[in-house]
């Protein structure tokens, strides 16, 4: 996987929220081999580190040729981003386009203990 | 009824939400024999099992020729899906198209005791 | 008044919500004699009885030639529907079209003691 | 029928267009006795006379208790309004709310020979 | 096929337009056996006969269990409706829901020679 | 100021909500002398008295030629309406059109002690 | 009336279009004395002169306390603006807010002979 | 390239229109190597052959890993589809997502001589 | 930095909310030197002082040529505005346009201890 | 001015249309010194050359600190782009944000003689 990068949060004394929306996600369905498309929304309260956007973009591009299910990719992205920037809290939502007339959205949340 | 299928939830340690929208529901009104149409939204927190989407699609198709009321179908779908995947919680919403100028929406919720 | 009708709730063990929207309400303003128009939304948790939709439609039609104020009709509909189906809770919202450039919406709620 | 009223067009040397929209039309279906609802749009180029809006409003109210079909009412309104204000041209569109899931719109046009 | 019915056009001296929208069309895909869904819009200038809406609704219902392609059904509906009411002109548009991420719309037009 | 009028609340035993929207507010900016425009939304739970809508409309018209700031007018309207109808609670929101590319909205709330 | 101002068109060799929208028009109804509100859209092809926007804004403000009908004000604005900037062509559209549930729009066009 | 397939047009005596929308197009920018995304709309009048949708879907998928410019891909798709189904006329529109804040849309048209 | 100005809050006894939206923010990206664009929303409960809008507008203009990151500018604006008007609470939201297909929104909140 | 760049049109035998939308235009008002904002839409049929998008982006950025009127900038952009790519035809539309409540849009068209 492409390395996520971070930069120092200059306002660590304040709980504030960063929301990032990537409407250009695509990967491959492991069962059919056909592409999946979706929009990922990441919402987090940074602690010491913020996610660098350009590296995040390249991170998302790594899924383009990967076979992965909706539930798996949403949870993995949450795990990867939490590990990279160690936020106070984070929510990841994957909203995928319709397949067979049915639309799926997965939402996973991390809250520091 | 068509058998619902499930697959193993790989992230059982985390409470996350799966939302599935099926805008192509149709059944038959038991009183008039005329078709009903609606959109079903299923929203659940999986435990050990996730609903497999293709089988879920075929499950919905089973209602196409069935005579059933709005309240009954919404509650039955909740019962069937809860039985199939044993979620931590689930919400089923059936939003039906207007009849006689009047629109109905039914929402039923399951929460594990 | 036209008699409201009910049918037996087959899922009395579960608190679920029924929402009914009637965008074709009309009555007569008692002061000007001119027609009023609006959309009524009824939202309730049934107990032993559900409101039958066709009878409900005819119930609404009874207001067509009646002179009644916005606040009165919204509260009366709540009273009538509560009396008819004895719900666990009910909310009635009447949203009326603009008169003199001003729009009014009335919301009344019943909760069983 | 309520008398339509007109006032003198002060700009007869110019072809200009007047558009009037009434979203509060209602009448009665001659077959079922149930109310119909719709929006009427009148679009005309006045000649010597313009339609007075208040009288036009009362004219529309006359249909409230009348049994009349969609095609008939749209054509009759065109005939009545043309007779009243003798325009250079006029278009009347009646857009009615759905019945049995099906929506109808009727458009009739008059052009002075 | 269910018989289409017509009623006499009372305004044959005027070219006017009738638009009918049916958002509740469904049939079966001849290749997959899975249901198709769509919205049909019929737009015509009547001559001596207008299409009766209730019979038209039942006509559309006849496709519910029929295996037929998008192009075929749109052209067949145009042929059937033209034969039934002999209009001066007619346009039929079938707009179908997405399959495999791809949406199709078919438009066919009849103009009396 | 134009006198606000009230009528007796016939349902004083129930806490219900009345929402009134006036999108046609205008006054004059005390600094520039230029007109301001906005939409006022009043939301209240009546006690013994309800606000009469026609008098309320004339009350709003009194601001047309008055020089008053956004914060002042929103708070004054809350004070005036509370004094007039002595509600259990009331919220007044003034949403004003953009000036210099910047839009302002003021929200003031009253809750009976 | 406030004086309209113009500035020199630097591209007189080209037919190009200038569209100006003023959503903050208000005047007074000559019959009821109550304010009218609307949006004016001016669309023109300049010849030697363009309308200066600040002066145009003050020109519109002059109608604030004036009693004038919809048809009259739309045509008068067209006449005034044509006289001021002598355009190759101009269209003025006044779209007024609903009164008694009915909305009016007036469109007048000038084309140099 | 994946082979496009066609099926026989059963209504060759009538000029009718088929519109196909694919919102899931993606390819690779030849300059940056980064993915491009867009929606393709194909609009054609068939002659003897219609485009088969499943093969068309696979045809579009072939661009996923291909480096190609907006203008080139739109014109190539038009050429390929025209060659495959020999239509009476065809229009292809590629609407691509923003890059550097700027959005591009390319439209190419074929008309049989 | 341009000096922010304030005026005396005339309703200090009441907790009310002022919302200000500026959709015309622009600054420069410190990494690429290219302009950034966004909408800033400021939402606060004033104590003794309110923010003067014209000075606030000039304050925002100071960022036009400044190189500053999304997180930094949102937090700095919160700090500057809190210092200027000493509110009971304040929320600042910066919603920036897409870069590389990815959109960012930053929300920072101040609450008086 | 930044140099516009072009690349060779590979489909010169076909009249096709390229539409480019830049919603991030800003310049300075020559009278007030305050920034203007707008969206530019360029629509052209290329002949031998197409506009290169990255250079076009830098071209637009050159207006950021320039004092120029709406009419002038729209016509100048048309002149510059026509000179750069010598198209068969081109249309440039500048839609600017509201000033003093009034919105302006300028549209200029070039057609090769």
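Should a chain be cited, it is by its letter among A, B, C, D, E, F, G, H, I and J, assigned in written order, with residues numbered from 1 in that chain.
One rule holds in what follows: contacts are C-beta pairs under 8 Å (C-beta built on N, C-alpha and C of every residue); 3 or more make two chains touch, one makes a residue touch a chain.
Owing to the predicted nature of the structure, the values given are computational and were not obtained by experimental measurement.
*Asks:* Keeping to the contact definition above, tell me which chains border both subunit D and subunit G.
*Replies:* Chains in contact with subunit D as well as subunit G: C.
*Asks:* Quick check: more C-beta contact pairs at A-B or at A-H?
*Replies:* Taking the two pairs in turn, the one with more contacts turns out to be A-B.
*Asks:* For subunit C and subunit D, let me know how many angstrom lie between their CA-based centres, rounded off.
*Replies:* 31
*Asks:* What is the distance in Å between the mean C-alpha positions of subunit E and subunit I?
*Replies:* A distance of 56 Å separates the two centres.
*Asks:* Roughly how far is subunit G from subunit J, going centre to centre by Cα mean, in whole Å?
*Replies:* Centres of subunit G and subunit J (C-alpha means) sit 28 Å apart.
*Asks:* Scan subunit B for residues touching two or more other chains and write them down.
*Replies:* Within subunit B, the residues that touch at least two other chains are 23-24, 37, 97, 99-101.
*Asks:* Considering every pair of chains, which are in touch?
*Replies:* Those chain pairs which touch are A-B, A-E, A-H, A-I, B-C, B-D, B-E, C-D, C-F, C-G, D-E, D-G, E-H, F-G, F-I, F-J, G-J, H-I, H-J, I-J.
*Asks:* If we count contacts the way the header does, which residues on subunit J are in touch with subunit H in the complex?
*Replies:* So the residues of subunit J in touch with subunit H come to 9-11, 14-24, 46, 50, 53-54, 56-57.
*Asks:* In the complex, go through subunit E and note every residue touching subunit A.
*Replies:* 34, 37, 97-99, 101
*Asks:* Give every residue of subunit E touching subunit H within the complex, in rising order.
*Replies:* Those residues of subunit E that touch subunit H are 71-72, 74-75, 99-110.
*Asks:* Quick check: in the complex, which residue numbers of subunit H touch subunit A?
*Replies:* Contact set of subunit H toward subunit A: 23-24, 26, 34-35, 37, 61, 64, 97.
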